[in-house]
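Structure record follows, encoded as structure tokens.
Here the chain labels run A, B, C, D, E and F in written order, and each chain numbers its own residues starting at 1.
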Amino acid sequence: MIQKIQKEKDFTHFDNDGRARMVDVGEKNPSVRTAVAAARVIVSEETWHLIKSGGMKKGDVLTVAQIAGIMGAKQTPNLIPMCHPILLDGVDLHLSLVREMSAQTIYAVDIIATVRCSGRTGVEMEALTAVSVAALTVYDMCKAVQRDIVITDIRLLEKTGGVHGDWQRTENG
Amino acid sequence: MIQKIQKEKDFTHFDNDGRARMVDVGEKNPSVRTAVAAARVIVSEETWHLIKSGGMKKGDVLTVAQIAGIMGAKQTPNLIPMCHPILLDGVDLHLSLVREMSAQTIYAVDIIATVRCSGRTGVEMEALTAVSVAALTVYDMCKAVQRDIVITDIRLLEKTGGVHGDWQRTENG
Amino acid sequence: MIQKIQKEKDFTHFDNDGRARMVDVGEKNPSVRTAVAAARVIVSEETWHLIKSGGMKKGDVLTVAQIAGIMGAKQTPNLIPMCHPILLDGVDLHLSLVREMSAQTIYAVDIIATVRCSGRTGVEMEALTAVSVAALTVYDMCKAVQRDIVITDIRLLEKTGGVHGDWQRTENG
Amino acid sequence: MIQKIQKEKDFTHFDNDGRARMVDVGEKNPSVRTAVAAARVIVSEETWHLIKSGGMKKGDVLTVAQIAGIMGAKQTPNLIPMCHPILLDGVDLHLSLVREMSAQTIYAVDIIATVRCSGRTGVEMEALTAVSVAALTVYDMCKAVQRDIVITDIRLLEKTGGVHGDWQRTENG
Amino acid sequence: MIQKIQKEKDFTHFDNDGRARMVDVGEKNPSVRTAVAAARVIVSEETWHLIKSGGMKKGDVLTVAQIAGIMGAKQTPNLIPMCHPILLDGVDLHLSLVREMSAQTIYAVDIIATVRCSGRTGVEMEALTAVSVAALTVYDMCKAVQRDIVITDIRLLEKTGGVHGDWQRTENG
Amino acid sequence: MIQKIQKEKDFTHFDNDGRARMVDVGEKNPSVRTAVAAARVIVSEETWHLIKSGGMKKGDVLTVAQIAGIMGAKQTPNLIPMCHPILLDGVDLHLSLVREMSAQTIYAVDIIATVRCSGRTGVEMEALTAVSVAALTVYDMCKAVQRDIVITDIRLLEKTGGVHGDWQRTENG
């Protein structure tokens, strides 16, 4: 049965012999493409308040992380082996402090990146790399006060453009 | 009250005026330091089996991700603004396919990185960057067959060495 | 009054909430663009003569600086956070030893960079980065003989192409 | 006469045949070294006020430039051909808006970088690169409102440590 | 006579004054271009068998070298001073163990890279850099067992597209 | 029999499960280490004369290649996956035009790199990368006049320092 799946769907980053390759996208037409990705950094109540109070001053945690994320997006093809180099048209990165009241209150930094290009390949990896680098930077800026921070829910929210068309994450996706 | 917390614990990456800086570690003595970090990539049953069957051939998803993670560890100071450049003594990165049988079976790739150095700063960020880049690479290699993959639980498991001594993550940490 | 200025003219690298972003240039049409930038490195008479006499041999200061400047132009998007990656069509970098006879004779290395592309964003930053890296390299090559070298007058001389049209520096600009 | 100068003082970055090289520092003892460098970005009154008012919001020009400068310091050996790779112990970068009342009022952003290491080579180039990249970033963030900004006075203020001992810039140096 | 040759054929990477430059390709039309390059790594019989037996396990020498080569292709403009940045459409890298029976049996790893783009400049340098980095990686992975490995025959096999048209290496070329 | 070889000698860049890793060198003592590597670029008689005549002017092929090679040495850990980051103490790179009169005269550029460090790992890869990048740059600078240039004989000539002691290439090695 798995065999059948493989015939229909397969990893494009491997050729028929199983060798990794950077897939040829030369036949694809350039088109406007966007990708939106998100990540969450779960922190303690104490860390959350420290980030929040620091936000009153310039040079706060969220700003450093935001700039790191935008610069990180540009490093994607240097980090992910089979990623194509791409000319990013724009990167928007937003970090916000959130507090979710439930049985156990969750204190977190939520990160959303929107990346746009006009090229032959999508920008999912650029958006995912942007939120990951921003999340790692939040960790780095806070690790002196809390070591057990967790980065979670790095995921694609939506993409538009390209051969396979638009895609949006469903709630339970 | 927040005020009081700030007096006891504070972000070392900011000076008294709130400006970000790369903290001076020149007075710290070089010592052997290690850090172990982990990440989990949650995939569908179908993707899980595709990765598994590909693993029989050379050039499989896990190998590409493993090499990307090791190379990613070396890019840490170029990605995280306030990270010190550091001479890594060794990087070990392990990816494994796991299947957790519970109410709803979880199919995942688990990633663990162990990083060692003999320097003035810890290598937590290098270990966390290694697992993040490896996880992003798993995503990239599989995104043609599944878009709603989630990277989760990027966290420090333990660290040894340095002024603050050893630290180990507790179960509910 | 400042308020009024802000309404008319504003930093495009920030959104309405004041967060930095890489501006979306996707709607701009690709066009041929050029930028010419300059810098001056003021050295002592002794250093000036050393550079000059070295220029007779291969591997002289000006050649090393020229190559560094051309390579530096390509690093612009990795150095300047909000800069778009861009495909440079050409980079021309010229260094010359100048001696300006006035009340006090000025001994200097003058640097001019011309950068061209066919893209959606201008290449001012690439030209300015090229002359800056070349100037820093002149400093590095000469610092063993003179420490109080000054790099000055890093500026845009002219630009062509793009939405805002051509621009040329005026004498007192 | 020039001949005589060359015998006493010479560029260490060239060998006897005039070929550029990365000088061997292996025989030097590691020691604590610091370098302080500065730069000035001269802007119009209008731009100066825009930067100032933006500074009230997070993500302002000076913060982006400050982070870029710190990250730029780490890129020094990749930009300056004969620079040794070095483990920076710390980088401090300070940007401030200054207004000098004289015959003609000068509106500027002043940048100062302090870099520290415990190694075999000095960190002058790292400090100079930090202020240069920060200055270029100020330019980039403001170029939509003013094109004739000038970066000037990139210079070393002082250095400590190393074989040649401490050095401080004199007023007219 | 040399004089005459120079008039007909000349290095395009230098201007009339002999200064190096990144040639302006802005007037060239974008077209589909490919380049195929090759390299050979000559190893001992013992090393050859070790590589071969390792190939049964995941993470073998050839896979690590293949990924390094693909990533290396993307670093070409950062390594080769006058190379234009380029958007690679695809990179295919193949390593194979060969044994040539002749008077003295040759044990080797043969490497072939195929690179494609749709741009204004060719991708010869990208293909040559890919095989070189892959070859260096084979050396690195094997140097603990054999130091006198030789990398040889790095050469262009063919290129298509561009102003000068297609080109193919002849046997004795 | 192969089995037996594997027990005695093995690739240190793989662990017992065959996974690639960056070997832990933390237990090694820092010591002075050097490595000398070489490469040869075989060109046509015409190209050889063009390089030679260009050498009279500043900015010639050999100088550009020399600087590229020195800068390339610093990129080694970013190119070779399992290479440790290392603080190079010095890099010396020499290119020379050679003409070997034999049955068929060989026209070539010979490249030799000497690299030194005081660290925990050797610098063979840095020396080999330096000569490779210099050789690729010679190719790039000359490819407009000759496409069938061959880079050959990239090899280690000698190394000193480290646990395994000194090593020198034998004539037929």
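One rule holds in what follows: a contact is a pair of C-beta atoms (placed from the backbone, for glycine too) under 8 Å apart; a residue touches a chain by one contact, two chains touch by 3 or more.
It should be emphasised that the depicted structure is a prediction, and the values quoted were computed from it without experimental measurement.
> What shortest step count links chain A and chain E in the network of chain contacts?
Tracing touching chains, the least step count from chain A to chain E comes to 1.
> Could you pull out the chain whose C-alpha mean position is farthest off from that of chain D?
E
> Since chain B and chain F are copies that touch, just let me know if over half of their interface numbering is common to both, same, or not, different.
The interface is built from different residue numbers on each side, given that under half of them are used by both copies.
> Quick check: more C-beta contact pairs at C-F or at D-F?
D-F is joined by more C-beta pairs in contact.
> Suppose chain centres are the mean of their C-alpha atoms. Which chain sits farthest from chain A?
F
> Using mean CA coordinates as chain centres, what's the chain A-chain D distance in Å?
Roughly 33 Å separates the two chain centres.
> Using mean C-alpha positions as chain centres, tell me how far chain A is from chain B in Å, no decimals.
Whole-Å distance between the two chain centres: 15.
> Which chain F residues sit where two or more other chains touch them?
19-20, 58-60, 63-64, 66-68, 71, 75, 78, 81-82, 85-87
> Each pair of chains that touch: what are they?
A-B, A-C, A-D, A-E, B-D, B-E, B-F, C-D, C-E, C-F, D-F, E-F
> If you look only at chain F, which of its residues touch chain E in the complex?
So the residues of chain F in touch with chain E come to 2, 5-6, 9-14, 17-20, 46, 49-50, 53-54, 57-61, 64, 67-68, 71-72, 75, 78-83, 124-125, 128-129, 132-133, 135-137, 139-145, 147-156, 159, 167, 169-170, 173.
> In the complex of these two chains, what residues of chain D are touching chain F?
It comes out as residues 15, 19-26, 77-78, 81-82, 84-87, 119-120.
> Please name which positions on chain A make contact with chain C in the complex.
Interface residues on chain A, with respect to chain C: 32, 63, 66-67, 70-71, 73-75, 85-94, 116-118.
> Would you mind writing out the residues of chain B in touch with chain E in their complex?
55, 58-60, 62-64, 66-68, 71
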